[in-house]
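Each of the next two complexes has chain A plus one more chain, namely chain B in the first and chain C in the second.
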Partner chain A sequence: MKFQIKYFAAVLAAVSLFVSCNNDDDSAIVEGTHGDAELFFDNGVAGDALIIGNTYTNSNGESLTINRFNYIISNVVLIREDGTEYIYPKEESYFVINHADELQTVHLEGVAAGDYKKIRFGIGVDQQRYLQGETAQQSFWDLAAANDLTWTWSTGYRFINFEGAFTSTAGTEAKPFQVHQGSNTATDNYREVTLDLPTTARVRENEQPSIHIKTDINVLLDGDTKILLQNNLNGAGTAAAIMGGQNLIDIAANSLKMFTVDHVHNGAGSHHE
Partner chain B sequence: MKNVLLAVLSFLLLLSCGNDDADLYEEINEQLELNVPANFPPMAQDISYNYPTQKGFELGRKLFYDGRLSADNAISCSFCHEQATAFTHHGHQLSHGINNLEGIRNAPAVQNMAFQSEYFYDGASNSIEMLSIAPIHNPVEMNETLEGIVAKLKQDKEYVRLFKQAFEDQQVSSGNVLKALAQFMTMIVSANSRYDKYVRNEGGVFSQQELLGMQLFQQKCASCHKTDLFTDSAFRNNGLPPNPNLNDKGREVVTGFETDRYKFKVPSLRNVALTAPYMHDGRFGSLESVLNHYSNGVRQNETLDPILNQNGTLGLSITQEEKDAIIAFLKTLTDEEYINNPLFYYKT
Partner chain C sequence: MKKYIIIVLLICQTTLASTAKDSLDLNYSRYVPVYEFEDFCDACGCSASGGGMGFSSMLNQNFVGLRYMYQSYTSREGIFNNSPWIDENFNTIQAWARIPVFKNFQVSALVPYHFNSRRPSTGKQTIEGIGDITVLGLYTVYQTHKDSTLFVHTLQAGAGVKAPTGKYNDANNGSVNPSFQLGTGSWDYMLATEYVIKHKQWGFNTMLNYILKTKNDEYYQFGDQFNYAGTLFYVVEKEKLTLVPQVGLAGEVYASNRQYDEDVPNTKGDILFGKAGLEVGSGKFSLGVNAMLPINQNLTGGKVEANYRLAINLNYSL
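Moving on to the complex of A and B:
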């Protein structure tokens, strides 16, 4: 089956090459042609830029020095004005954002030419992919593991890995914190967000839109539901860890407001390299 | 379908590369036959994504028996999961792994895995394909990484050849290591005990005592040790007082919910006469002690399963004669064909 699809795609690609040769109108959508698109994730903290090592104080009265902020983006879908969807091939639709390593861009290749008004994507790994394990061709596990986005004591992916040190109103000495968001066999914490694009993203054979998305880490703990690190200290009181239970369900809900699209660049070339 | 494609592909390859590589394509990888035993519930895992093939199964078996899956190249899966004892770690309460380190749990039987929906005593995994990640990375079991294993196996020509034969993408990769192990575990089915032959009318004969034991089991035990898998894959507290040295919170470790404290996965009882010691921490050395626990040892606790607390009476009422009968019945669950099946063994 896979072979057939690939073959079909190859024929399509070949056909589209012919088609494009005598197409000189950039803005018209030529049926059956494809282009690239990119999503750029601009990570920030409640309006401030995210700088590793910098300290941010939230409305919970806690100050967080952030050392790591990595997450998984998946199952990207582009939506046209009439509501029809271009679904990026699921097998290739898992991506890692790693702030410290400046891995902030998701490249989409071979997207159907079109005018897109909305985007939808997942935060983390959906249950279907979990249960299929590593069936997908792309060996996503290795990439996720290299970016500290896997769990190994239980088997699965960390959707968000958010770590650093914090001080609270109650104490003065900074203590390490770890927020590891993910699903477990009791709760499915995978969520999808749909975002409006302020301007149309035009995908053409020689036009690559770049969708600039702002990510606000602050909402994870200081969103609709407030989560205090101070309330999640280990038995010895030396560090805070959030890796399970109700916290993950609350963080999943908070994360629905983590992303907004700031602007869209249309035209040729990459915009955020 | 797949076979046809493979055949076509290998034909094309033969055509295109002349005769120098012909030996790589001599064998066509067949899908294995996988029958659900008539007395079993349906499979709980969707194996259509990773349907066992001859080559995939054989590769998975080789990996299961290969010490290179651990950091010091000495601890294979089979080190803790021995076929002769239904793939448990015989004689160990708590498993010993790399550098002789001791874990906190007793290795359970590995059998009929595709029929189960949760794995490990705390449900740390619910996917037959992903579950191997846990023992491989556990610092007191194998202490390796998938990337590390792949790097080692790529050095070995034999493995490179076997992965090529087993998988469409032909790669030695993390994903394919997991898939091969899953195929092996999918195929190791235990369903030919005397009990199975009795319930399937295949000539299994039961004594009066064993018959009585079966009835008692159905009344007193089968609400948790359900179906012919003898587990409902649920997490329950069966009234064991927590071991203060381990302080193992069971299911709570995975979910983070206090309501899950001290709940453990109901284990299958197939081959149970072979799998001593018993319970998640291997605290009981015999089936007699297990039965004594259910009659006299059940402790009140917030999460104690209600089945074991009937109007304030803790545990199950079982007479000595009944205990003997239940144990006689449990012994009929031993499957000699399973523990002696040469297909499930690989000589390293």
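Moving on to the complex of A and C:
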């Protein structure tokens, strides 16, 4: 018996040799180096995936069939654990998300290597940028226009373009609706949100994090403040349009809860395309 | 419920083993089934050496064999409540052997070959290749084989290594099932114990093992895994055949996966299976079939569901 225990111990000892062959070298941040990062906007409706043409019913008792959901993301800032920030160059920091065209990824280049714990970005275009004038931002204006995210230059950008048809308890016939969020001469409806990341987003020369953001379109009308399309019908009662006034201020407030970060992918390569 | 099962198994292994003090006469009976430590299913099939098939009784202690295992999973592709569920098929062909090295000491080796497939929205994905090779040393701590003894006990304990021979591909580690891999990409270590008690034609097998997983080159670390199983079997001896029908429970508990030393959310989990099988021995050959159905499960934050597992094996006694 003694003999056999000796063998057993010998095997255990042999096995333990392998344990020490572990590589604990973490890929550290090299100051002065840069990498890429991406934000992926996964558009949903109250927990379900947004599917163009599908109908869902909100808690306002209205059933919406969505056929357009486009918006502008801007002024991206990545925030480290100690609160210091990496601010993406402002001139480059305007992006369009177009659900129907599957334009869902914001690609950031030349981001300072770092471990990021939070992200901040704007919904729409800030007044400072808008007031720089048309020539300063012509290429982005053209992109926004191509995605139905502009009025005229004098009235500015649409921050969110949310359109479709709806039925309400008051009437069963489907009527078109348009929700066009933006700033106007009366109010600045540009808002910024800061989101916690569930795990660190690691930017390195050869590592690109993908921050997977879940967008909930439902909160725009069915968030903290309830907005009924039925109460915003035109004079003829044939369509609902929300493009100004108090509604836009309420939508701006509701939009602060439109985004959450679902998860973060780390490592080399692109993760969603 | 699972906690109680584990506790019962632990008690079985410790108390029953300690009551069997005398080793008596080592009169070998060729019809004492010996059970395998092959329950090393890694987080839903990745580099699975055993697919949780736990109980694949051998009619002889030392053998070489081949085993085919199939595991069916359904995983949610996407982050939404209405995101589609896709089928995942994990197939494994495994060569295995259990070879005596010294008296009361055997070495088991398992060499798996995986061919796994799934069909996400981006088109069919398949991965195929050799998996992680496991080598396990088993020491028979205690054994009685005397026919006159009311109870026959076998207690074995061992330790092993799983080598990163299966390819770990970071690109597969996306939003669906993190275990859609051929291997963990890491050197992993295991401790195993198995206790078998027999009374006349009846027997009960308890198996516990723990797999400690390390960080791979991509800084990904699969969660440590604890496997347990209890199986009741009955030996029917015919003139030319030995039949061993068996039923039991098998469970797996996974710690959270880690990447860059951070827990990956929604990767820990557990599952409890009910299982049934039959083994037929004739001469030097034995043929086994085994099926497992989940009783309750919570894998990968509910985003992965195990449907069932099947295995068939053919062994040749040495």
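As a convention for this text, the second predicted complex is superposed on the first by the 240 of 273 C-alpha atoms of A that agree within 3 Å, B and C clash if a C-alpha of one lies under 4 Å from a C-alpha of the other, contacts with A are read in each partner's own complex, and residues count from 1 in each chain.
The rule is short, and it goes like this: a residue touches a chain if its C-beta (ideal position, glycine included) is under 8 Å from a C-beta of that chain, and two chains touch if they have at least 3 such contacts.
It should be emphasised that the depicted structure is a prediction, and the values quoted were computed from it without experimental measurement.
Enquirer: According to the stated criteria, A:200 is in contact with first (chain B), second (chain C), both, or neither; which is it?
Expert: second
Enquirer: For A:27, is the partner it touches chain B (first), chain C (second), both, or none of the two (neither)?
Expert: Only chain C; A:27 stays clear of chain B.
Enquirer: Is A:142 contacted by the first partner chain B, the second partner chain C, both or neither?
Expert: first
Enquirer: According to the stated criteria, A:237 is in contact with first (chain B), second (chain C), both, or neither; which is it?
Expert: neither
Enquirer: Tell me the contact category for A:267 with respect to chain B and chain C: first, second, both or neither.
Expert: In the superposed model, A:267 contacts chain C only, not chain B.
Enquirer: Check whether A:53 is in contact with chain B, with chain C, with both or with neither, and answer first, second, both or neither.
Expert: In the superposition, A:53 contacts neither chain B nor chain C.
Enquirer: Per the definitions at the top, what is the overlap between the chain A residues touching chain B and those touching chain C?
Expert: none
Enquirer: Inside the complex, what are the residues of chain A that reach chain B?
Expert: Answer in residue numbers: 1-3, 130-137, 139, 141-142, 145-146, 150, 152-156, 184-187, 243-248.
Enquirer: For a test of understanding, state which residues of chain A touch chain C in their complex under the given definition.
Expert: 4, 7-8, 11-12, 15, 18-19, 21-24, 26-27, 42, 44, 47-49, 198-200, 202, 212, 214, 262-263, 265-269, 271
Enquirer: Under the definition above, what is the set of chain B residues touching chain A in their complex?
Expert: 1, 5, 9, 45-46, 49-50, 118, 123-131, 133-134, 136-138, 145-147, 150, 168-169, 171, 173-176, 178-179, 182, 251, 254-257, 260
Enquirer: Quick one: in the complex, what on chain C touches chain A?
Expert: 78-83, 101-105, 137, 139, 159-161, 170-171, 173-175, 187, 189, 214-215, 217-219, 259-265
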